[in-house]
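In this document, chain identifiers A, B and C correspond to the written order of the chains, with residue numbering beginning at 1 in each.
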Amino acid sequence: MAATNSTAKQKVGWGAANLIVIVAAAIPVLWLASLSFKDPSTLGDGSFIPHKWTLDNYSGIFSTSLFTRALINSIGIALIATFLAVVLGSMAAYAVARLNFPGKALLIAASLMIAMFPPISLVSPLFNLWRIIGLFDTWPGLIIPYLTFSLPLAIYVLSAFFREIPWDLEKAAQVDGATPFQSFRKIIIPLAAPGVFTTAILVFIFAWNDFVFAISLTSTTAARTVPAAIAFFTGTSQFTTPIGSIAAAAVVITVPIIIMVLIFQRRIVAGLTAGAVKG
Amino acid sequence: MSTQTQTAPAAASASEPRKQGGISERTRAERKLGWMLCAPAAFVMLAVTAYPIGYAIYLSLQRYDLRFPSRTHFVGLANYGTVLSSTDLWWRAFGLTVLVAAISVVIELILGMAIAMVMHRALFGRGVVRTAVLVPYGIVTVVAAYSWQYAWTPGTGYLAALLPKDSAPLTSTLPAIAIIILAEIWKTTPFMALLLLAGLSLVPNDLLNAARVDGATAWERFRNVTLPIMKPAILVALLFRTLDAFRIFDNIFILTQGAHNTRSVSILDYDQLFTALNLGVGSAMSVLIFLAVALIAFLYIKGFGAAAPGQALR
Amino acid sequence: MVRVVALAVGVALLTSSCGSGTPTASGGTPTLAWYIFPEPSGSFAAAAAECSKASNGEYNLQMHVLPAAADGQREEMVRRLAAGDTALDILGLDVTWTAEFAEAGWLAPWPDQIASQVKNGTLPTMIKTGTWNNKLYSAPFNTNTELLWYRKSLVPHPPKTWAEMLSQAKQLASQGKPHYIEIQGAQYEGFTVWFNTMVASAGGSIISPNGQTVTLGSSALSALRIMAALAHSPAADPSLSNQMEDQNRLAFESGVAAFELNYPFIYPSAKVDVPKIYKDIGWAPYPTVDPSQPSHVTIGGIDLAVSSLSRYKKQSFDAIQCLRQDKNQVRNAVKGGLPPVSEAVYKDKSFQKAYPAWKTILQGLQHASVRPLTPAYQSVSLQIAYSLSPPSTIVPQSDLPVLKQRIQDAINSKGLVP
């Protein structure tokens, strides 16, 4: 489908562009990996490749439950928040894109307002609220704010996608004898897939990366996620930033991201190239 | 081309029973369905933020310093006056934030579009390219910031080694700002690229082929076919990226802690709320940040016109 | 369809709340929650376990870790205490937080009787850090102070005054030898520590003892002149305006420096990282500013206080007294690198063996100065660092009145803080 007419020159051009993109994205990550393998005495030597290698940083972060529990918390909370955001966001986005009802503009404006308010001034009252309700230091205590602050983006992205779907296809399929649910499943869902998976990746990464809520709404390993747990890493003295452990933790937690993205990236564009669209 | 939003029948229900007042019955059913579908999301969003936002606005009208609780009293808009009259702190931070946000968003838009096209057209290793591009976005922000800080610290870092000896870029304002912008761009261009890629994949290849057959050059095809179809995706990407760029915090916090006049408005707000424990002034500043961001959103939506969701296209 | 979604949502939320839960106090022995920074050597945990056992059922100490950085610790405690959280009993406070927490109403004052027990034998300057409005709110737990470290091969006679140190460095520079004076010049708390040390060593203070007025005067001018002189001399590390304690340590270990003004942690670190330079390291008292009096280095450390919202105040006071016992202080010092607050421990042989510089450290502690005692200390510190860092921009005559005004505003909680 893609390059039936491209010349060898074009191929080389795109290939070079590929390479540049990969390298530019990878170098700081490789630097982190390098910091994680560097022996502490060589941290100040300024070289990209470690002169003295050590695995101590990795064994160190797994030696206590601080990091391992945080990893479990991060994965669980991010997955659940993503699932809920996609479900609730899809429902609302469908309504926004296809239906007319009073209050639609208000909902969109309100959700945008929520996305715009600086989170740092919201954490203290939210902490108060959670403490009174009993959600402080729990999984729902983090899932709900993540849901709240990712729904605006989810609704926006999904509704922008839903609007592009040619709904007449549904009618055509029904004329051909499919039930509404079949036509929804076989035609609408594949077309909506790019938007859904894009949203899923964005929400997951938001929940994965968040620091402000994680540090304010948790106090023990019961619910603390990885970004907050990093604040508890200690160095050899109170004045030393434990960059070795932090870098090791960073490398470890990037792996689930890589896996998740590898799985989902195919689906982002698979939907539309599956043919069956107009024309 | 794309469809207009119509009063299409709801997908989940079977065909409506016909009645004499048929239209209003359907409209009512449509409204009900619309509310029902939106209710869970609306409930979650409002229930969580109503109290905190309301409380923040309430606090902004009080003189409330946690360290001197006995001096709490209502002061109306005095806190806003304190913030807006501070030229060397507030307005400098405001200017810096606008500068950093504008530069990074523009560069990210261009780079993001280019990367989206590379991801779209990747001939081999498509999965690898797309994954590699998204990894910077997936790394925890504070960790990425540490990576940059160590890279630019003289002696410790590989990037500092490229500069003339004994220069410490993170300690002078302009080089530090450049490094902050670089860190922002590296971190969030994937966000733009992802949204633009998704928008790019909506452009039907048949249209592009038809245009090519008609003799249009690559640039003309891009400008006249691709860009207009991508308008909604570009709006979403720009809008949300700018909203986030204006509230930049993590990168500055780790790289310079806001020192040497590299404070953004969020860092300044953090200092009022968490360091000085001056909740009154801090909340007023939050509201002002919110208003600034709202203004930007308003300008975007007005500028892009009908590409906002829920409105009829063109 | 909507019902299915609602069910899925419900299941998702329910499964996510499994496995979370906080321990509650058991029927008999109350569990005291001790909030303290994560101490890597395990000395605190050992002390807590021993004290719980020795209490014979009076209390059970449970350590809760706070973030590693001081700011993060303060943030978490402030957020929870301000919200009225009763789950905190014993708080590990940095020496500069007592006035702030006490004025905000979050600390329980020590009853006079046991307060005098705490004060007995403890370094007087540390007692000052735990006192506010003439009441003892927090008991000193460990302390810290800076010394002058130097390379014996480059510096045969360690300088006694700042002027001497600067001229020695200049001479080394002209000879092409390593000559930097490592000190913390970044725009952060460590810079305030440096400024406070210089002003106090010049015989002055930043604010009055009651914390109401700014007292910067001629002593501040002398201090600023020396700081500016360092910044413009060849002795200044090019990264001075970016350096904190750890960067100073790394620079000294890399061999470019002849002098370093830093905490004792650099010494055992050098032993591991750069054994050759380690053998060459000597130590001396912090150089004086006013030759007629010893230097007054800013004191650091941790105090332990009882939350005013705690349900077990009496047990908490008892637990703190146990944690502060001399044998625990020895262990904290030897294993954890945290100098003791009780003067008797400085005579302990195992302590002296682990701290070859113990005499100089004790000397420094006995002449130490405190940072401004005011609830608005964090704002004051921000203003000092903002106004004076980087040190190369200091113009003493014109900077001083600006600084005075800013600190006065900070004390009155007026205006914005940087």
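Heads up, the rule we're going with is that a residue touches a chain if its C-beta (ideal position, glycine included) is under 8 Å from a C-beta of that chain, and two chains touch if they have at least 3 such contacts.
All figures in this text were calculated on a predicted structure; none of them were measured in a lab.
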Name the graph shape formed by the protein chains and their touching pairs; answer line, ring, star, complete or other. complete
Between A-C and A-B, flag the pair that has more C-beta pairs in contact. A-B
Go ahead and note the Å separation of the Cα centroids belonging to chain A and chain C. 38
Taking each chain's mean CA coordinate, chain A and chain B are separated, in whole Å, by 15
Check: chain C positions touching at least 2 other chains come out as 2, 5, 9, 75, 82, 250, 254
Multi-partner residues of chain B (each touching 2 or more other chains): 12, 37, 40, 155-156, 274
Per-residue multi-chain contacts in chain A, two or more chains: 43-44, 88, 91, 124, 241
Residue positions on chain C within touch of chain B in the complex are 1-2, 5-6, 9, 71, 75, 78, 82, 100, 103-105, 186-188, 238-239, 241-242, 247, 250-251, 254, 375-376, 378-379, 382, 385, 389-390, 410, 413, 415-418
Can you tell me which positions in chain A touch chain C when the two form their complex? 40-41, 43-44, 76-77, 80, 83-84, 87-88, 91, 123-124, 127-128, 131, 137-140, 143, 215-216, 219-220, 222-223, 231-242
Residue numbers of chain B touching chain A in their complex, please. 2-3, 5-8, 10-14, 27, 30-31, 33-35, 37-38, 40-42, 44-46, 48-49, 51-53, 55-56, 114-115, 118, 120-125, 127-144, 146-148, 150-151, 155-158, 160-161, 186, 190-191, 194-195, 197-199, 201-202, 204-206, 212, 232-233, 235-236, 239-240, 243, 247, 249-250, 266, 269-270, 273-274, 279, 282-283, 286, 289-290, 293-294, 297, 308-310, 313
Contact residues on chain A for chain B in the complex? 1-3, 5, 11, 14-15, 17-18, 21-22, 24-26, 28-29, 31-32, 35, 43-48, 88-89, 91-105, 107-108, 110-118, 120-122, 124-126, 129, 144-145, 147-148, 151-153, 155-157, 159-161, 163-164, 166-168, 170, 180-181, 184, 188, 194-195, 198, 201-202, 205, 208-209, 211, 226-227, 230, 241, 243, 246-247, 249-250, 253-254, 257-258, 261-262, 265-266, 268-269, 271-273, 277, 279
How about chain B: which of its residues touch chain C in the complex? 12, 36-37, 40, 65-69, 71, 82-83, 86, 89-90, 153-156, 166-168, 170-171, 257-260, 263, 268, 271-272, 274-278, 281
